[in-house]
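Dropping the structure in here first, questions after.
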Amino acid sequence: MSLKRHFTLTLSCPDQIGIVAAVSDFLAKHHGWITESSNHADEENQRFFMRQEILADSFQLDLCGFCDAFAPIARRFGMDWRVADSAQKKRVVILVSKLEHCLYDLLARWKAGELEVEIPCVISNHDTFRDLVEWHGITFHHVPVTPDNKAGAYARVAHLFDEARADVMVLARYMQVLSPDMCRDYAGRIINIHHSFLPAFSGGKPYHQAYQRGVKLIGATCHYVTEELDEGPIIDQDVIRIDHSDSIPDLVRYGRDIEKTVLARGLRYHLEDRVLTHGNRTVVFR
Amino acid sequence: MSLKRHFTLTLSCPDQIGIVAAVSDFLAKHHGWITESSNHADEENQRFFMRQEILADSFQLDLCGFCDAFAPIARRFGMDWRVADSAQKKRVVILVSKLEHCLYDLLARWKAGELEVEIPCVISNHDTFRDLVEWHGITFHHVPVTPDNKAGAYARVAHLFDEARADVMVLARYMQVLSPDMCRDYAGRIINIHHSFLPAFSGGKPYHQAYQRGVKLIGATCHYVTEELDEGPIIDQDVIRIDHSDSIPDLVRYGRDIEKTVLARGLRYHLEDRVLTHGNRTVVFR
Amino acid sequence: MSLKRHFTLTLSCPDQIGIVAAVSDFLAKHHGWITESSNHADEENQRFFMRQEILADSFQLDLCGFCDAFAPIARRFGMDWRVADSAQKKRVVILVSKLEHCLYDLLARWKAGELEVEIPCVISNHDTFRDLVEWHGITFHHVPVTPDNKAGAYARVAHLFDEARADVMVLARYMQVLSPDMCRDYAGRIINIHHSFLPAFSGGKPYHQAYQRGVKLIGATCHYVTEELDEGPIIDQDVIRIDHSDSIPDLVRYGRDIEKTVLARGLRYHLEDRVLTHGNRTVVFR
Amino acid sequence: MSLKRHFTLTLSCPDQIGIVAAVSDFLAKHHGWITESSNHADEENQRFFMRQEILADSFQLDLCGFCDAFAPIARRFGMDWRVADSAQKKRVVILVSKLEHCLYDLLARWKAGELEVEIPCVISNHDTFRDLVEWHGITFHHVPVTPDNKAGAYARVAHLFDEARADVMVLARYMQVLSPDMCRDYAGRIINIHHSFLPAFSGGKPYHQAYQRGVKLIGATCHYVTEELDEGPIIDQDVIRIDHSDSIPDLVRYGRDIEKTVLARGLRYHLEDRVLTHGNRTVVFR
């Protein structure tokens, strides 16, 4: 991704001849200097996906002008589309429970300037990491979740998220299952890290399941949250080799490194508008 | 593994103090020069596993003498054990259907001297690879399998295997499900390569399943065949990265490379007596 | 890559606004259905690279017509460019010495239909693999190389390559250093597999070097041959984990699997016109 | 590694018959329950390496008693040896410059209880990370290094290290070359993370070197520091795939993830007494 200010156009539409020509003609007409351009034709579904990064300074229109001028083309081809401006930092709300490795890792990346986002707040069902979060200058909300108050708790989470005008919610080992309503309301905006190589070992205690089955690799999966637990579109996955000498605590420890890396990578793809979904599959323009 | 002639002792038994001392004392007494020694204490199951490679020339007894002398120790600790002599090449029977990449790969390794075994015969339910096999100087048996003749066909396979005095049967993409009887009779002696990262995508058409689920890595699993399909103890696994641009034929093609490598590696571990099983898990002394 | 007949346009040129627009407009005008499209803007060198796959049946011109019609655009932007027709199979000449694993692997892929090329001949400085090659129905040339006859031997190789109207020469563990002249005359058309992770361990006996240095991973590199030994543009690389228990023969054995895979992958990229070079670096449109 | 208190015996000596018997007999005699046992016979150098983990509660002697009782055996075989008690936490001093990712990662692992050590202090040639370190409750020393004060600065570092009675010094992207004296005085106790796959790209700016050479994988190496820059015994290495679209800042970013993981893994091996060196090579009992 270019370090200079840029617009990122992403779109998908039914495939047909002339899409690239129409879009690139549009960009060239307005003097748009393309720094990165990716597209994918899904033959099976006859659908076309595209992502264009354009230097903002080179383009003759501002963001609104871009949208207005592009709308007729989008209509013509029946596009799902959006344009992002890198000058507007994305806003990320992190949810965590009692394991801090993913939270810590995201905060470290943010503090080191690797993750260029706003983090308006961190929400947790435990008060454990208040100090860590507040030391980073970030607001911490303790929203307990009990069997009786689930509805209320999730309403509170949703309210905090909306109030923060956040773009994406990251479940950084948040050990609660969100309500179906919430999954639907924020579809494509909630990212989870699951500690197994999905679809293997979905549900609870995946490292225990992996140990019992005697697999020789363990993994982690970063995916969008949908109503069906651990079934959402996969953004990224990775694995690490283990062997018979590794106990369950060893798997947990190895797994943490994979979880951190895969979550950070998947989140980055999302933040840079590299992920387009279609049904339950993703196109990730690396 | 030492290139010189050696004995390989493998054993497992309930864990207790003094096992290593007893075994190593026994080996030292007979002047056994240990070139490789591995052991593993499974805390959860309180079971101990061991593998010792001893230079045959250094040891004062021959194979029979070794066994006789070791038997009392084995009895004392309640060991499951065996001793192999590297001078006796293992005998491998390969089963194949209509995809040759694994067969070809095994034959190439054998011809190049990498795989030091006897291959008394190759058995197939199709006649397709007769020439390939026979050019290598190996007997080819065509044993057709139809819905009506399954029992007879498997009896024929078992007969050929027994007649060949073979040690291990390799299902090199043999697209038939063996009978429960056969799985039981040859437990721990039939090795299969499944074209997915088990337990994900067991059963048929795993690459299609992987494509539909939208995973970002595909894999292969080498395992012992048991009565339950794709549920046997796993010897080795590996994966390769894919992305949205890969069609199902691409997955099939990438997968072949993983299948070949994982099968060859798993088979090698088995042939070198590196694999010990306990329940549905394996100890693999790499 | 599409399985249907297609044209593949590859080009590079100084970067400027309007390249994508001009090319895609050209393709759309002639009704070209794009199945795969990749491009890359090299900011450091201000150079633009592109690869387009177009369904041949959809395009209104034949290959000659394509070239004629595209030439003015190419001139305008100062492009290095070419168009390939998938109906014309590429012709591959393989050179080998006394280690057959890469040769065997390529033949197996070719026989299984994975590698859709013509193999007019295999050339070797030893007669060892004549039978293997001829069994596959391929001509085998024995061209001995001695300290005294190098010039003559390489002239003979070049002659056989030209006579075969071959597109690419694959050094499949060919243990001779080609002459500078030959490297220059066939620049970008000779692919080598080096058995180390370059630039580490260039030159002879890389596995020995790796063992002495005590590295924890070994690798292989597929690259174009240039006058400077092991310094040509890298197409692909991979590594495998080793540890202290692995002897030099073990490294050699593990390495073979990496060499086979990396060579096959790099060759495939080349054959599908996915590799564009600029100076000593490659753009590989996977 | 067992979570219960244990003794770890590590040794190496010229190889001969009877070493394992002598050691295991010794352990059994004192009722030592072995939870992990590894050994390696280096055929080339005729040297034997061993590591034994014994439950402290099972063993009839305390640490001193262990040492006294074992000394005669060690003498007999000419062993280099040591015994560690897991109840005595190792003491780690971290050195850092202006890039915090490795420091942050180590602190996070320490805070989460994954890294069970004492960190008496962090030393830096810059004051940048004082707050971060002090928030963790760890002493921070700012020891500036200028061309004129090098000797004095390193003397100060050595003094702080000694004063802290530290076991190991970790150069977590410490961008200063230590003096030859210091490397010698603390041989085997200083661990560095180098941001390349050594021996490729030793010295400065390895990511720039990697970019210029056009490699397809980048890596990191954790090694002991010796007088010769980047030439010390390698503990661990890893790589990550890159491609033409990755700029130097991208390589730097990907590289950080590898550096963190490899350093944490290498340090862990060291802390658990899993690393034995012989000349410039390491035996790492994973």
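Think of it as A, B, C and D in the order they're written, each chain with its own count starting at 1.
Rule of thumb we're sticking to: a contact is a pair of C-beta atoms (placed from the backbone, for glycine too) under 8 Å apart; a residue touches a chain by one contact, two chains touch by 3 or more.
Everything numeric here is computed off the predicted structure, so don't read it as measured data.
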More contacts between chains, A-C or A-D: A-C
Chain of greatest Cα-centre distance to chain B: A
Homomeric contact chain B-chain C: same or different residue positions, threshold half: same
Rounded Å distance between chain C and chain D, as computed from the means of their C-alpha atoms: 41
Between chain C and chain A, distance of the C-alpha-averaged centres to the nearest whole Å: 37
Chain A: positions in contact with at least two other chains: 36, 43, 245, 286
Complex interface listing, chain D residues touching chain B: 2, 17-18, 20-22, 24-25, 27-29, 31-39, 41, 43, 58, 241
Interfacial residue positions of chain A with respect to chain D in the complex: 3, 36, 99-101, 104-105, 108, 111-112, 114, 132, 135, 245, 249, 253, 256-257, 261, 264, 286
Chain C to chain D touching residues, read off their complex: 40, 42-44, 49, 197-201, 212-217, 219, 233-239, 243-245, 247, 280-284, 286
